[in-house]
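Consider the two complexes below, in which chain A is the common component and chain B and chain C are the respective partners.
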Partner chain A sequence: MAGSALRRLMAEYKQLTLNPPEGIIAGPTNEENFFEWEALITGPEGTCFEGGVFPAKLTFPPDYPLSPPKMQFTCDIFHPNIYSDGRVCISILHAPGDDPMGYESSAERWSPVQSVEKILLSVVSMLAEPNDESGANVDAAKMWREDRSEFNKIAETLVRRTLGIPLRPYRAVMANRDQS
Partner chain B sequence: MANLEAKHLFAYNRFPDNELKKLLVVAYFPFGVILLLLRSVLALFLVIFGQVLPDTQVTQNFLYNLACICFGITVSVDNLKQKENVSVYIGNYLSILDHLAVSKALGFILPLNKTPLQSLPGLGITNLGSINNADSFKKNLEVVLKNKNTSVYLCPEETPTNGRALLKFNSKYFEFFEKVQPVCITVKRPLDIAISTIGSTYINDVLYFMYAPFTNYTIKLLPSLEKKSISTDGFSEIVRENIASELKITASPLSASDLLEWSKRYLAEERRRAQERTNQLSNSFSSASNPELVRMAAQVKEVLPHVPVGTIYNDLNVTRSIDTTITNILEGRIRFVPETPRPSSPTPSTSQQPSTSGCTSSSTPSRQGACTSSTQFNTGASTFGKSANERTKSIKERKEQLIAAARRRYIEKHNLDIPV
Partner chain C sequence: MRFLGISFVSFLLTSIVVANAYYQKKQFYPSVVYITKSNPSMAVLYIQAFIGVWILGKLMRKIFFGQLRTTEFEHLMERSWYAITETCLAFTVFRDDFTPKFVALFTLLLFLKSFHWLAEDRVDYMERSPVISWLFHVRILSLLLLLGALDLHFILHAYQSTVTKGASVQLVFGFEYAVLITVVINIGIKYALHSVDLNSETPWDNKAVFLLYTELVMGLIKVILYVAFVVIMVRIYTLPLFAFRPMYYTIRNFKKAFSDVILSRRAIHNMNTLYPDATPEELQAADNVCIICREEMVTASKKLPCNHIFHTSCLRSWFQRQQTCPTCRLNILRTPTPPTNNNIPGAQANQVPNAFFNVFAAAGPNPFQFQNQPNAEVGANVAPPGPPPTTSGSAATAPPAGENLGNGAGQAPPQFMFPPFPFPMPFMVPPPPPPANLAALSEEELRQLEGNERHNVEARIQCLRNIQVLLDAAVQMMQQYSVATAQQQPPQRPPEANSTNSEAANGSTPPTNHPTSSQQPGTSASSSGDAGDSKKEPPIEITSATIVNGVSESLDENSTVTAEEELRRRRLQRFLQNEQQQPN
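After this line comes the complex of A and B, so read on.
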């Protein structure tokens, strides 16, 4: 079982190394354990996460690709479909029948023909278009619905943090608020 | 001309290769069908009469004429006056109905070779038995010649050819004949429809006799030859050379059995090839119609869009596993021509094109945006390292580059006063 999982992961690693979707890097953190991957995902252009490079951890089960991997962001992230601890809640990561939220169509579910690449692309889509019906992060979902500008501000903070760019001086922000 | 092989003595296609003639053949088709139908009615009468009419001179004449009309046989004789009163005529073998033409020209003669008309008693064709059973053959022959007062017509080649050479005669026949008259036959059909093709059956050939506008036999009589003191083999060879030189064709060293052997082999080979073709067809058909395989191929195709579906099918046919096929393709065990090659990573020109691969099923406008972003976001490596160390090093470097590039872009975009 693990043999075929390894073979498959190696093939996907090769594919992602040679022909990755733009702005995405993924591969085993340490090849001694091929079931733990690290991925970098660039926030899609034209969204509040634009320009950010978000690191995430992928954990593959021994029976991969029969079962889906788990994905968890290792940076701070504030998003309706990502738990506050960074775990990603997205339909492609759930096997059919395993539907914690009860709203996913089985077409977008995990199956052995999905791949790491597809998961990562789905996550990029998710960053661009949160599904605010999913309550992975209720606060984020609420803010996304009701106070988009605040959400964007938080997102920008997060983006800067991933890039190692200092936040705007806190004072400047406060000054702006006072003026308005 | 000297070295005609067995393969040159057959026609392979019923219809000519020539473009113009092909067109004529197509144009002729409706007429051919009508003729065939009309002649079929006649053939029906021929069969009925042939079964019920008594075997007399008058009815034979009538039936032969009917048969000639029915099969569209016309005959022209170059030199009827040369006809001598011999009991045996020897001719070259061109078609299964040669004897009909000769009978029409020379009056009723009994064909010694096999003919489709043998089964009609009204035509008076008697089977003399096999030449290999010489005693009974001789007896039958004597009976026929004496009682019926007819001549016999023999094609000692024993199998029809396309007329380009004269096969070796079966000399056994010549044991029984003292004096023979050689007959040279040439046959012509408009539209160049072949009389017989390799492996064709009696029925097949007869149907084409009825389909063709007409089949014209030209018969030329040669002076009769006597055996005298020549050996049987020598006599048969002399007759053969006479006919061959008159027809200006080679006297081939091949015999009927050589030709049959060759045609058998040719047909077996053809069958094998046809079988292979249908196998291939049914293979591709069954895989194309195997929904499971189609589904699997589609899934592989999604993962590897640049691989032709045909290649995927073929491998899936063997592996029956999406996984193994993907691995096979990725590890280069399968050769294929990429359909729409993915842009290789470090070329700047790719940045303006929508990505061919990444933005497939899950593409959203935003994803499209990401795809068309600057080349700095191309994160691929040119090679996949052979060792774990190499790979780890490569991915680490690429990660750093990606972050650095993203940072630079961000700073440029927001005009931040921070050192890049």
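After this line comes the complex of A and C, so read on.
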């Protein structure tokens, strides 16, 4: 009998492929190892990350779902809750007991009730609404608070980079989309 | 590619050095002497040796592991870095022994260590991979045997060297290999557990428990080894700084394993003894999926005090991490014992005989009436234990009614089964807070407060017993009261009304003004009394004698004095029984 972690990951993968949430694709990097996943997250509409497609990798511990997975963006991303190396810092990914920032209530922490889908959805809402108290990226948090337009500009550059298109055509595309 | 280049250059240099020596001296021994006398030549040979070790390492890795995964490689690099720093620190302690042989021995140690780490990672990987080939088993088994044999050999070697030549750097090696052999044993046990799990058809519940205990025992052995090593080193040489980091981590891991075992044992004990198995009806209602493993719950599932249902095995492994409900995070170690009989009313209704409804329908409104009353009132009337009931002599004076309460369980007719409380979780009252002004207490008073001498413990137990007696008495009161109301009033509602949940029952039925004021606190407190009681005793049944007694009592609405007397007598009775049941 395969491990319970593996069975649960398989079940979640099946669920995600049958019933994918909007704007999110996720699955194992290769079918031999269900403990390394890749995810593609589209930037939420109406935010400065709109239109971007952000790749990330999820690493699951052997005792998943008793312990949370780790998540790391594999592209450049500038966000108050994401470390500069791409690691995501949100409470759902922390087990109660380890609190790197010291302010999260245990109610939002990891428990087996959570799932890959819930993690990815929280990451999407984190993209939309950064928690600028988190110190994961202090520069980004400061800029988010004090110089929103500069923040948006950087976000737009990053969005453009994830799509691999130069700035002007991208703007044209967006303008066309707005008109139609 | 770069590695290939380096090894090629190194090999070329070695050949040149050897050829040069042989060309100059023409004979074997003089050439050897020439090379060892010349520093550049020796440097080239050392580099060659190092690269030789490296190639051997690559070869062994290919044989035993095949391709390394990225995480394994990162792990290896990280650990090697620490190990190299520690080795350098160790060199400072043994600078007198600093010889090529010494360096070679440390290199060998590092070399073998890295294979231990890789084996550990690989065995952990077993749990993650859906397919484990026979090649994997052959590789792991042969590697473990090889590593174990090598470790053992070096331990024996170090031991003999220390015995014959006295303490030397061999002490460090002996200790390091002893730690490594515990690692090999640990990996071996894990491997065995994982293999058994992989080959069994059903999930193996106890694996996590075995893993936990393995961790604990191995942690203990390692801690002992480290402490012994540090003590010996301090006595013979100096403080072994290089051993501090691993020692710190070992002790920390052991501490964690220890508290994990303690807490999870408590939680699992609670689960096994206090929490009821979920009934098929409850499973149906909870859509049948265990939220931990996302698999269907068919058998072996438990219901927590918060009414959340999980697989017993899933709960067990979760409790080894944390002692909370996965869904609502109720801390189960801080929660008072749940009632064992708080089934869903609908499910309960199918099982009990008809007569039950008469009791229940009539008694229903009143218990709920008090559910929303502030706890303070309960506390004021019931919680203060007062003077502890005396034990001697009171048994003789106890009235027959009280005796019937305790002894009549066997003969009671089934239709007077006490109605279970259908409201789900009224007992989540936190334990009483400590005195708020701790700062105002003197040092002495504080010490007294937490005193752990025998009489303090005894006093605490006594206090708890008193509380239990009071709670038991309250339960008895409630039973009598509900029976009495059932006798007095004909059922006013059809039985179906009871299938609705407690909130509905609480909200929809108007409270009757029937009960006497002295009985109210008993009624509302009976829920918590039930909580404290349920783990030891089945629902208590009542004989006809007590009913008569209860009827006459509740008929006499104004005689609160009689009721209080009665209550006190019953407390004494219950107390005596408890004394008999739990000596000490």
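As a convention for this text, the second predicted complex is superposed on the first by the 164 of 180 C-alpha atoms of A that agree within 3 Å, B and C clash if a C-alpha of one lies under 4 Å from a C-alpha of the other, contacts with A are read in each partner's own complex, and residues count from 1 in each chain.
What we mean here is this: contacts are C-beta pairs under 8 Å (C-beta built on N, C-alpha and C of every residue); 3 or more make two chains touch, one makes a residue touch a chain.
Predicted model, so just to flag it, every value in this text is computed and none were measured.
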| item | value |
| --- | --- |
| Partners on chain A (chain B, chain C) - clash or fit | clash |
| Partner chain in contact with A:E129 - chain B first, chain C second, else both or neither | first |
| Partner chain in contact with A:T42 - chain B first, chain C second, else both or neither | first |
| Chain touching more of chain A, residue-wise (chain B, chain C) | B |
| First, second, both or neither for A:P65, with chain B first and chain C second | both |
| Chain B versus chain C as contact partner of A:K118, first or second or both or neither | first |
| Partner chain(s) touched by A:P21 [first = chain B, second = chain C, both, neither] | first |
| Touched partner set for A:S4, first chain B, second chain C, both or neither | both |
| Chain B and chain C footprints on chain A, overlapping residues | 4, 7-8, 11, 31-32, 65, 112-113 |
| Of all residues in chain B, those that touch chain A in their complex | 299-300, 302-304, 322-323, 326-327, 330-331, 342, 345, 355, 357-359, 361-367, 369-373, 377-384, 388, 391-392, 394-395, 398-399, 402-403, 406-407, 409-411, 413, 416, 418 |
| Interface residues, chain C side, partner chain A - complex | 69, 71, 124, 127-131, 197-204, 291-295, 314, 317-318, 320-322, 324, 326-327, 329 |
| Of all residues in chain A, those that touch chain C in their complex | 1-8, 10-12, 31-35, 59-60, 62-63, 65-67, 95-97, 106-107, 111-113 |
| Chain B-touching residues of chain A, taken from the complex the two chains share | 4, 7-8, 11, 13-15, 17-25, 27-28, 30-32, 40, 42, 44-47, 51-53, 65, 112-113, 115, 117-118, 121-122, 124-125, 127-129, 159-160, 162-166 |
